[in-house]
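Note that chain A is present in both complexes that follow, paired respectively with chain B and with chain C.
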Partner chain A sequence: MRNTICLRAAVVLGMLLVLGGGLQSAAGAEDFAHIETILREVDTRSTFGDGDFAALLTVITEDPEKGVEQTVVRQFRRDREDQFAMLIQEPRVQRGQGYLMDGENLWFYDPSSRQFSHTSLKETFQDSDARNSDFTAWSYAEDYEITEYTEGQLGVNSVYIVLLAALHDEVTYPYLKLWVTQENALILKVEEYSLTQRLMRTALFPSYARVGDSVIPRQMVFVDELAEGQRTQIAFSEMSVQPIPDYVFTRAYLEQVNR
Partner chain B sequence: MRTVLKTAVRSVFRQKRRSLLLAGAIAFGMLMITLMNGFTEGMLTNVRDNLSHALGGHVFVSGQEITETGRVVSRIDFDDRLQTLLETNSAEIASITRRSQTFGTVVFGSRQSAQMLYGVDFQAEERLRTSVAVTAGSLEAVMEDDQAIALPDSLAQRLGVELGETVLIRLDTVTGQRNVGEFWVRAFIEDQAELGMSAAFGHRAYVNTLLNLPSDSYQSLNLFLHDLFAADKMADQFRDVLPLRPVGEDGDDQAAAFGFGPFGQQQAPEPWDGIRFTIATINDIMEPIEAVVLVLDRLSLGVFAVLLVIIVVGITNTFRMIVLERTKEIGTMRALGMQRPTVRRIFLAEAAFLGLFGGVVGLGLALGAMTVVSRLTVAEPGLQFFLAQGRFTFQLVPQVVLLHFAILTFVCLASAYWPARSAADLPPIKALGGHL
Partner chain C sequence: MVRWAALTLLVAASLLVVLVELDVGLAQASERDELFGDDLFGDEMLVIDEDSQADHATLLIAPGSLDLGGRFGLDWEWTHADADSLVSRQGASAVGSTRLYADWRPSAATRLFVQGDLELEYPDDGHLKGRLLEWFVDWNASQKVFFRTGKQTVRWGVGYFFSPADVISVGRLDPEEPEALREGPIALRVHYPQRHWDFHLFTLWDEADDGVRLAVAPRLTFVTGRTEWGLGAFYRPDRVPRAMLTLSSTIAGTVAVFGEAVVAAGTDRRYAVVGEDGRLRAESREDLQLQASVGFRVNRRDPDRLFTIGAAGQYFYNGEGYKDASVLGHPAFPLLLLSGELAPADLSQPGRHYGALSLQWSELLRTRFSATSLWLGNLDDASGQVTAQISHRGWNDIRPYAGVSWYYGDDMAEFGFSSTQWVAGLRYSVTF
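Our next item is the complex of A and B:
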């Protein structure tokens, strides 16, 4: 009799635990769905859909060893074709260098050797703390899954603090921590972690601009969390969504424009 | 025969100055060809040794597999066929190294520098323990901690790192994800920056963790052989047994075999299942260097040929003059009953004597020059790849030296043959009268 009571109690307890867990995961899934929606919105707004985008970028890199360096770059983007072209205009010694992405290929052009070399979105941009992928559209919802989120404050903004883990090993950083505003779903800060979960880089997006239907950071700050004192600031100006001629996204253009 | 030799030697010493000039020309030829050959042979050996040491072996085996996303990842797991091959050839293998490697950025404070990092099994790599020159700390200290590292001297100086401090290494996993390792500096080693191959050494298990590989996997298997010249034969055996990676169009597979490939970043030329191997030998990278040495050898042979022509002309003219000068003497010898072949042999022996004497002197001078030059220490970084511990080394192949002697003697004999024959053919009466 006593054994039967114990058995029943164990079964009831087990059922409660399973039910409780199920309810909790259902609630978690619901919450994550809300954050997922926000991330999809962030991704969608960072692309230019059917339109083109052009801007002038001023990249200021601070390095305790090398000092402060400024690079001015003209950027052209056509997200629907996975294309972008970037032409370096300053400093003078690097004028003529450029990047061209077409689909999965990314080339770097050096006018001194008149040669294109393959590079990758994961590579750093011109020895700065920015990566080539920082100049393309975001895809958080596609590449990452949400592992945890909390609500918090960043300055005067109420934010969701979201922890993401990569869904595959194609992305540069396996773990991310995002600060997204609750009011208008803007990413204000991103911490990027290594596979060993060590903070490697912090990206800050203090201001945004609406360009056509898209919203993109007007200013980006990247702080290297491993090398002390290394940071890069990127400011966007002369932003435009006017159609860009097809020939801009060709190797011939990069060769020709630099002559 | 004794009379012939005696007469020949006496004739050589009779005109000392002329004989010295002739022997000097021959000696110069021998000196040049011996020096050049000794230099190129020594240089080849040095380059081979330096490369073997820098790359860590004579035969290089690397493995690649394709991930689900189509990336080529460098990796070797336990393989029965590979193990059997190693056991079968164990008598010829002096040592085996199983390493992982990555090109990362070492960060210390605000300073950072790119650096090749090898993940090694210190216990198993006795050759590494005995060949690496430790300038501070010890490899035993490195072996004690999983996260310990031996850094090249030059890198430590650049970063300002002291023993016992911690450095970070920023690197990519085999699939290209960013990762960071924390290493404790336990030793500084003399690097091979002058060979263009500076490397830091850490524990393979920890490096594998950072590369996102299982701790017992590795990326390259290098074999040091007892006989370096057996490398190609052994590589062929491995190629016959192991599944090979399809040959790429861009030569990436060859680079990967030596650990130079952009691991984890390549797209497969055509897909395959499981791990495929790439096998290379030290001779594969020696080919272009050997081609350069061959050109040097050909050049020195050309110089030798020019010198031989000069020697031929010199000896022929000199012996014609000798015959003119000794016409009466030849007549007297013939009148006293000396036969024509004996007269001919006297002149030929004189030429052979000159050739041998010049050759020996040339060889002696070359050996002297080699001894002096090989004692000089050369600090020029660009030359270190061709030197042994900063010094030129010369290697003489006895068969080649003998061949050069034979060529010189033959040339001397051939040059003197016609004057010797005309001397032998002189009628005694005419010769006694001093007429040819």
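Our next item is the complex of A and C:
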């Protein structure tokens, strides 16, 4: 009799646990959908759909060994065609160097040898802590799946803290941890992890700008977590959504504007 | 007098640059303190509306701008080579060099560009040497068709150490300095760019003793997926016609790969051959010649930045080389050179199979030292050279370095006649 009662109790307990787990999963799936919506909104707002975008970028790299280096870059983006061009204005030693991306291809132009060479979005930008991929539109919802999330606080901002895992190997980092504001879906901080879950880089986005229908960071700070004291700050200015002539996204233009 | 004037100019330029750099450094330090504050998220996030009316595209080609600049370098070097070495410079030497350019845009569609080098070397003859590298005019038709006329550097092929497809550059690609600016031809270039393809047409001038020779060289490059293809041709009445194919791509987004193939209806070279009578003579080849090359380039950095490695490698099949280069060791061979039946250019890359591999380890184990090495070899005669150099990041644009070049192979092989050479020096370089 006692055994029967125990068995029934175990079955009921098991059913409750299964039911509870199911409910938790259902709630989780629902919440993931909410977070997924937020990520899609983040991606959409970081993209200049049918328009163009141009800006002046000031990249300041702080390296305990090399000191402080400043690079000034003029950036042109045409997201609907998956194109961008970046032209380095300063320092003088790198003036005239440029990047041209068209779809899956990215070329680097070096005026000192007058050569275009294939490069990768995963490469670092001008030996800074920024990657070439940091200058393109975000695609978190497309490239990653949500594995977990919690609610938290960052400064005075209420945020969702979201863990993401990459869906393919085209991305620079396979695992991400995002801090997204609950109020207006702005990404404030991203921790980027290697395959072995080692923290590689932290990205901070302390201020944003609304340019046309898009919302993009005005300031980005990339902290190298493996090299103490090494970080890169990128500040955007002169942001414009005026139409950009087609010829800007050609090699001829990169050659034309270099020294 | 000219020498002292040049030296004064070089010293004044370097002082100016140091002062400018000092000012920029202080400004940057101040800016850094403002930018990297710890309390980044202390205030509620605000989204600021921005909409600049700046026309970035035309700003960069604004008419009336004149840009002057260049770089200045001083090298102090000590060289030691074995007594039987053919190295021309032994002991201590100093070289001062300046590259200057002027870039003037009289209108948005027009640009004049001049670039040249000045060099002074001790204990050489002490004469100031000058070289005009580029002088050209750019203009365009409604930003659709682009023209460049004058002496211009041209990158025709995609090879790194060897580029058989580049038949129009005047300067040879030096495997020891593959990224250096090469002397180009005098040409009119017409460039018609489209999104997925580019068309170039070169008309080349070459002044010969008996007048100007013209050549034409069209090239079409296009992109499929992650690969860029190039198809080109070269025709000059007194040279063999050539057709070429190039490709460049990336593997897994991290390894750059490239290849070239050139087919020529004969060769412009002349060859030493032993006739049926046993006598040595020079002759031409008129059969189809193939040259081809494949290579890669990759840069990797481990998470701890202990190993920041760059590597490049290339194989070159030189169909225009000798199948059996032992004929170059024939006792009568020097007579062919002395009589002019063979020119020195006919002896360039005499083998059929070549290889090159370079490795660069930057900031060794996160120190201020970097190391580079290069292997360059003729696979036919099993000769080659291995160069290794270590350098320090230095102080205030002054970099110390030291290295060794070791040559191997038989005495009559392409690289075998040189012997080990040691160098150490200081290099000062600054851009202004």
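The rule is simple: the second predicted complex is superposed on the first by the 240 of 259 C-alpha atoms of A that agree within 3 Å, B and C clash if a C-alpha of one lies under 4 Å from a C-alpha of the other, contacts with A are read in each partner's own complex, and residues count from 1 in each chain.
The criterion applied here is as follows: a residue touches a chain if its C-beta (ideal position, glycine included) is under 8 Å from a C-beta of that chain, and two chains touch if they have at least 3 such contacts.
For clarity, every value in this text was computed on a predicted model and none was experimentally measured.
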item	value
Room on chain A for both chain B and chain C (clash or fit)	clash
First (chain B), second (chain C), both or neither touched by A:157	second
First, second, both or neither for A:142, with chain B first and chain C second	neither
Which of chain B and chain C A:170 touches, first, second, both or neither	both
Touched partner set for A:209, first chain B, second chain C, both or neither	second
Contacts of A:229 with chain B and chain C, given as first, second, both or neither	first
Chain B versus chain C as contact partner of A:198, first or second or both or neither	both
First, second, both or neither for A:64, with chain B first and chain C second	first
Which partner, chain B or chain C, touches more chain A residues	C
Selected from 8-16, 80-88, 296-304 or 332-340: the stretch of chain B that, after superposition, runs into chain C	296-304
Shared chain A contacts, counted only where both chain B and chain C touch the same residue	65, 120, 122, 169-170, 194, 198, 200, 226-227
Interface residues, chain B side, partner chain A - complex	67, 69, 107, 109-112, 168, 170, 172-173, 175-182, 209-210, 212, 265
Chain C partner contacts - residues on chain A that touch it in the complex	54-56, 60, 62, 65-70, 74, 76, 81, 87, 91-93, 95, 102-105, 110, 112-124, 154-157, 169-170, 181, 183-184, 186, 188-189, 194, 198, 200, 204, 206-212, 215, 218, 221, 226-227, 231, 233, 235, 237-242, 244-253, 255-257, 259
Complex interface listing, chain A residues touching chain B	63-65, 120, 122, 166, 168-174, 192, 194-196, 198, 200, 226-230
Complex interface listing, chain C residues touching chain A	24-25, 28-29, 31-32, 35-36, 39-57, 59-61, 67, 69, 71, 101, 103, 111, 138, 140, 143-144, 146, 153-155, 179-182, 191, 193-196, 198, 223, 225-226, 228, 248-250, 252-254, 256, 297, 299, 301, 303-305, 363, 366, 368, 393, 431-432
